[in-house]
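What follows is a pair of complexes built around subunit A, which joins subunit B in one and subunit C in the other.
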Partner chain A sequence: MKTLAKTLAFCAATLLPLMAQAAEPIRIGSVLSVSGPAAFLGDPEAKTLEMYVAQINKQGGVLGREVKLVHYDDGGDASKANGFAKRLIDDDKVDFLVGGTTSGSTMSMVPLAEKAGIPFISLAGAVVIVEPVKKWVFKTPHSDRMAAEKVFVDMQKRGITKVALLSETSGFGQSGKKETEAVAAKYGITLVANETYGPKDTDMGPQLTKIKNTPGVQAVFVFGLGQGPAIVTKNYRQLGIDLPLYQSHGVASDEFLKLAGPAAEGVRLPSPAQIIGDKLPADDPQKPVVTAYNAAYKAAYNESTSTFGGYAYDGLMLMVQAVTAAGSTDRAKVRDALEATKGHVGVSGTFTMSPTDHMGLDLSSFRMLEVKNGDWALLP
Partner chain B sequence: MRDPRHLGLAVLAAVLAVLPFVLPNSFYLDLAIRMAINAIVVLGLNLLIGFAGQISFGHAGFLGIGAYASAVLPTHYGVHPMLALGAGAAAAGALAAAVSYPIFKLKGHYLAMATLGLGIILNIAFRNEAALTGGPDGMPVPSLELFSFTLSSDRDWYWVVAALLVVSVWASLNLIDSPFGRALRALHGSEVASKVVGVDIARYKMAIFVMSAVFASIMGSITAHYVGFVTPTVSEFFHSIELVTMVVVGGMASVFGSLVGAVLLTALPQILATFEGWETVAFGAILILFMIVLPRGLVPTLAARLGKGG
Partner chain C sequence: MLTEFFQYLFSGITVGATYAMAALGFTLIYNASNVINFAQGEFIMLGGMLAVLFTQAGLPLPVAVLLAVVVPTLVGVLVEKSVIEPVKGADTVNIIIITIGASLVIRGLVQVTLGKNARALPAFSGEAPVTLLGAVLPSQSLWVIGVTALVVAGLWFFFNRTMGGKAMLATAINRTAAQLVGINTAWVLTLSFALSAGLGALGGVLVTPITLTAYDAGIMLGLKGFVAAVVGGLGNGMGALVGGLLVGVLEAMGAGYLSSAYKDAVPFVLILLILFFMPRGLFSAKTTERV
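Let's look at the complex of A and B:
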């Protein structure tokens, strides 16, 4: 009797802590710009993370453990993002970080993640986040450099060499301008005009007139987000410019078609597969992932998806996949698993990471689209 | 020590000395550092608003000058961070003097308009000079070296900022009790009367404005080095408003009111962060409540009530 009691006590003493440990949730920390000027990026990201964390938990969690999302809003302020990242790491003691809506927010969080040795998947675009490679930092969005390269590849096919660049003075536009300038020569492209406009401008006629009067221009490339590019497109038609017009992935959403209306006809842009989910050929590996994500998001929030939510989806799934592959939440092991990601099919593309590439996407993750009859058409 | 003001200074020093040993982790230490940094900026701004009766809506611009001086000069020109900090402060002071010199010849709140414009212009400059400032995405800031010692841990930063805060409070208290401070208070009471007794109004106003701009610039440099990254949001108009709000909530013309205002408004967003989606609403409601119940600011109202009761 005594031995039985002892055995029971022993079992209880050894098993209870184990069970308690198993029940401990995996904590994912996130800082997103849900309010402020970058809210149109941060809002779908936050919604996507919440929706999929709930779904993962419904399906039994990761490694049998519940996933807990701790989320703060930085309002688009990098200094606040830095403070909240500190709070997540030191006070909330999260296991991993997924977030950083803008490049500024991300870069202010990077030193903290590096110092604490905590795997961090950023949802921001700029190349500087992963170049030079930082040990603990990864990112899911396509870089602005890739967008420029994709556009230049298409221009090369059409024999275009002299291009006018019109960029927005926002973070997105200026980073895009820098990368466009950097890769142009590689594709034999000369930027014969280089104009900018403010994100809240309502008329880009002057810039376009200047471009129109520049001798030798063969095509115009616009790098901006939201309303600006739609206004540029309208002004472009009003001024009767009949050169090919290219936009960046920043306007790859149905919103652009609505804003620009018939003026958008013939506009070409690089876009993630997500926008044209239902038009993808049936054998496209991304098709099931993209259509499932679009349908789930629409069902949950009754609004159409954006590429930004897709970045958050990929960030979360990459992390989950890495934790599963590592078989534990040990930060170093998860980091190694993230770096070893191969052929992970996501909403934004197929990710293959390496010690020299912490983004893992190549040019094939962008599709070249053209607006035809008021809808997107996939170019070969 | 019989003077309640110096008692306040002693209490502040004691609290600051004990704080790092009772805070549970470095997140709270980080919060304390941010509070102290804001408190010093608000102290300078309160001297201007509370004592000289002038409002600045461009103080974030001066913070931006300091922050970007500390980021740009060492990164692009190899200037020592301490020199860069000094250069930023000098530039902010010179700019404040240049802007205020013609304005203080006029009567009324023209400084508010001028600083409003100045702040926005500075913000646009930081945003658009991408080659130097990294544009809207911002740029990293090298760490601060004090002589041969590099500041890196939160604890080191805490002691530096805490010491700066104590010195600033002590200096402000002394300034208010000096002939200079008395002249300022006279000026706030009645410009005509102070002119009659021989106070050079324009010169005094300018001096205090320049001083508060220098305070802001130095703290901008400190913030930039502490966070290690700077973006144009530091100089945004909304940040200027935030600073003025700290002055008003804490109590105009009150040194300790500045501290309370800074501590409260730095802590509130962190406390409210858990009310996801509602934090802005709650923040606004609290501010409105304060203005209705405590129109003169927390510290002066409470001090008056306690004075009456006791």
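Let's look at the complex of A and C:
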């Protein structure tokens, strides 16, 4: 009995540290807004990360090492995100950062990542995250400027030059407003009306009435997120406005169809390929990636996917691919590998990074969609 | 020009009627206990969320609406029995803080069990709006305004013509004296919570086709409803209705004629002015405090 115990103790003392060393996990730190006002973004992001980290480990991990996800919820509060990022870097000693649900949270984490020299892939939209280029910071979502440009390209095709802009007073809406104003002239578009609404407003009738009575308006472009744009769409039909209505990529989810109901008919918006996975032509390079992601998420959580979860998927996969390419978890090497990413097909588009572009998506990663018969239809 | 005015007016009335509904709930509990119930917004949210849940479960609309009113009423009674009644003798301020706690619990439970997504409910009598004087009004607004008016009339009758209502008023004015004349004051507080939860839920069901709903919808409705109740004069049913409509119309006019960026500021500035000159609200009776 005694010898057995001794043997066990010996084994434990000598073998365990060895095993631990061999299996020292790769730590990926993440700060997401799983609760709070941005929860509808952060929730699918967290679920996606958890699901794919588990899947990667089941398939043997990365470089033969287990991947460990250390995750905190900032509740949509940028100052909390900063605190958690500090904790991830100093206490949890993570190798990389993937996260930052909102642009505010991301920007509060950026100085820490830059100072510590940690590769950081953000899941937030604003252009300021990668412009000017920051050495250690990358991002996966399409920027608001691209959404405005995609919409203006479509308007140009229809000969529309005079547009009314209705933007949300949220960070997303106001950043979108700024970018829309900045690129309008480039496409020969004049903004003849410029109205706003609050993210919790329940009636946008007055703003739309004002737009309706503005002389020369040819189309309306709404820049917002969540339920506001759905109410705008309902009010738009109630007021009998028959101008073309454009929304931003902020409402590119089946949720919008459910909330706006029949009023959504004819609405056009730019969207990642992700929400129309099954309608993509068979030869589309993104089709297999998108359909696999959608199916896996649905199987795991029994919820329909959103573009936001797709951004998290791309963030994780870009990081994994960079670690594999670098052949180590050396931070500088992984950063260089990230910057050298070429033709990486993701859920949100095909990524090609460069020293001057840390997002890596171009306008072709957005598809123009129109709501037809209560479903999305791909415009040529 | 005139069409524009009517459009802003109708938009304001639509939103204002939802605020009025919320204000009525505050008024009821204030009447019975001098307590501001900050969980009122959550009862409104519960009504809307449950109505969506039950219609999606395949129940016909009237049954779903009935259940969506009954369940929050029971929640209201539960809240009163479990957390308000045990501290009956405490300061009003303590009870107000407890209601804030109750609101956080309800919101959290709904967030965890029903999810964080916004939800929609179809309008009761079709999505086609009513055209009036060249402006359009969603048909659901008529439901909200009509039911709110009925509720105000019903409450007036209850408080002025029935024993139960008078007992409630008496309890609010002086609890000890009310007890001395044989009023069961514990029962009065339970009833007021049940009533205001039920009314809040009914309001929530009615406004959901216009405003959509989500687990956190109660915060905004509760806040604006509170403002409306204060403007109208706390404790006055008619005041709640007028206060709600006033806040809604001022918002719409502000957005239409000034700038949508200052939409929320316009009513609040005017409300400050009103309260400066009439500190007890528009409809509150003049009372003299004995020193």
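Rule of thumb we're sticking to: the second predicted complex is superposed on the first by the 358 of 380 C-alpha atoms of A that agree within 3 Å, B and C clash if a C-alpha of one lies under 4 Å from a C-alpha of the other, contacts with A are read in each partner's own complex, and residues count from 1 in each chain.
Going forward, a contact is a pair of C-beta atoms (placed from the backbone, for glycine too) under 8 Å apart; a residue touches a chain by one contact, two chains touch by 3 or more.
It should be emphasised that the depicted structure is a prediction, and the values quoted were computed from it without experimental measurement.
With the C-alpha superposition on subunit A as described, subunit C and subunit B fit side by side in the combined arrangement. When the two complexes are overlaid on their common chain A, residue A:Tyr313 makes contact with neither subunit B nor subunit C. Of the two partner chains placed around the shared chain by superposition, subunit C is the only one that A:Pro206 touches, whereas subunit B remains out of contact.
Contact with neither subunit B nor subunit C is seen for A:Phe152 once the two complexes are overlaid on the shared chain.
In the superposed model, A:Phe351 makes contact with neither subunit B nor subunit C.
When the shared chain is aligned, no partner comes close enough to touch A:Tyr293: not subunit B, not subunit C. In the overlay built on the shared chain, the residue A:Tyr197 is in contact with subunit C alone; subunit B does not reach it.
Once the two complexes are laid over each other on the shared chain, residue contacts for A:Ser103 go to subunit B alone; subunit C is not touched.
Look at A:Thr169: by the touch rule set out above, it reaches both subunit B and subunit C.
Superposition on chain A places subunit B within reach of subunit C only down to 8 Å, the least C-alpha distance between them. The interface of subunit A with subunit B overlaps its interface with subunit C at residues 35, 169.
For subunit B in complex with subunit A, the residues that touch the partner chain are 24-28, 30-31, 34, 127-128, 130, 135-138, 140, 223, 227-231, 233-234, 269-270, 273, 276-277, 279-280. The part of subunit C that touches subunit A in the complex is made up of residues 4, 7-8, 10-12, 14-15, 18, 111, 116-120, 122, 127, 129, 136, 138, 207, 210-212, 214, 216, 219-220, 252-253, 255-256, 260-261, 263-264. Partner subunit C is touched in their complex by these residues of subunit A: 35, 37, 39-40, 43, 169, 195-198, 200-203, 205-207, 209-210, 213, 226-227, 230-231, 234, 237-240, 255, 258-263.
Of all the residues in subunit A, the ones that touch subunit B in their complex are 34-35, 71-73, 76-80, 82-84, 86-87, 89-91, 102-104, 107-108, 111, 126, 128, 169-171, 174-175, 178.
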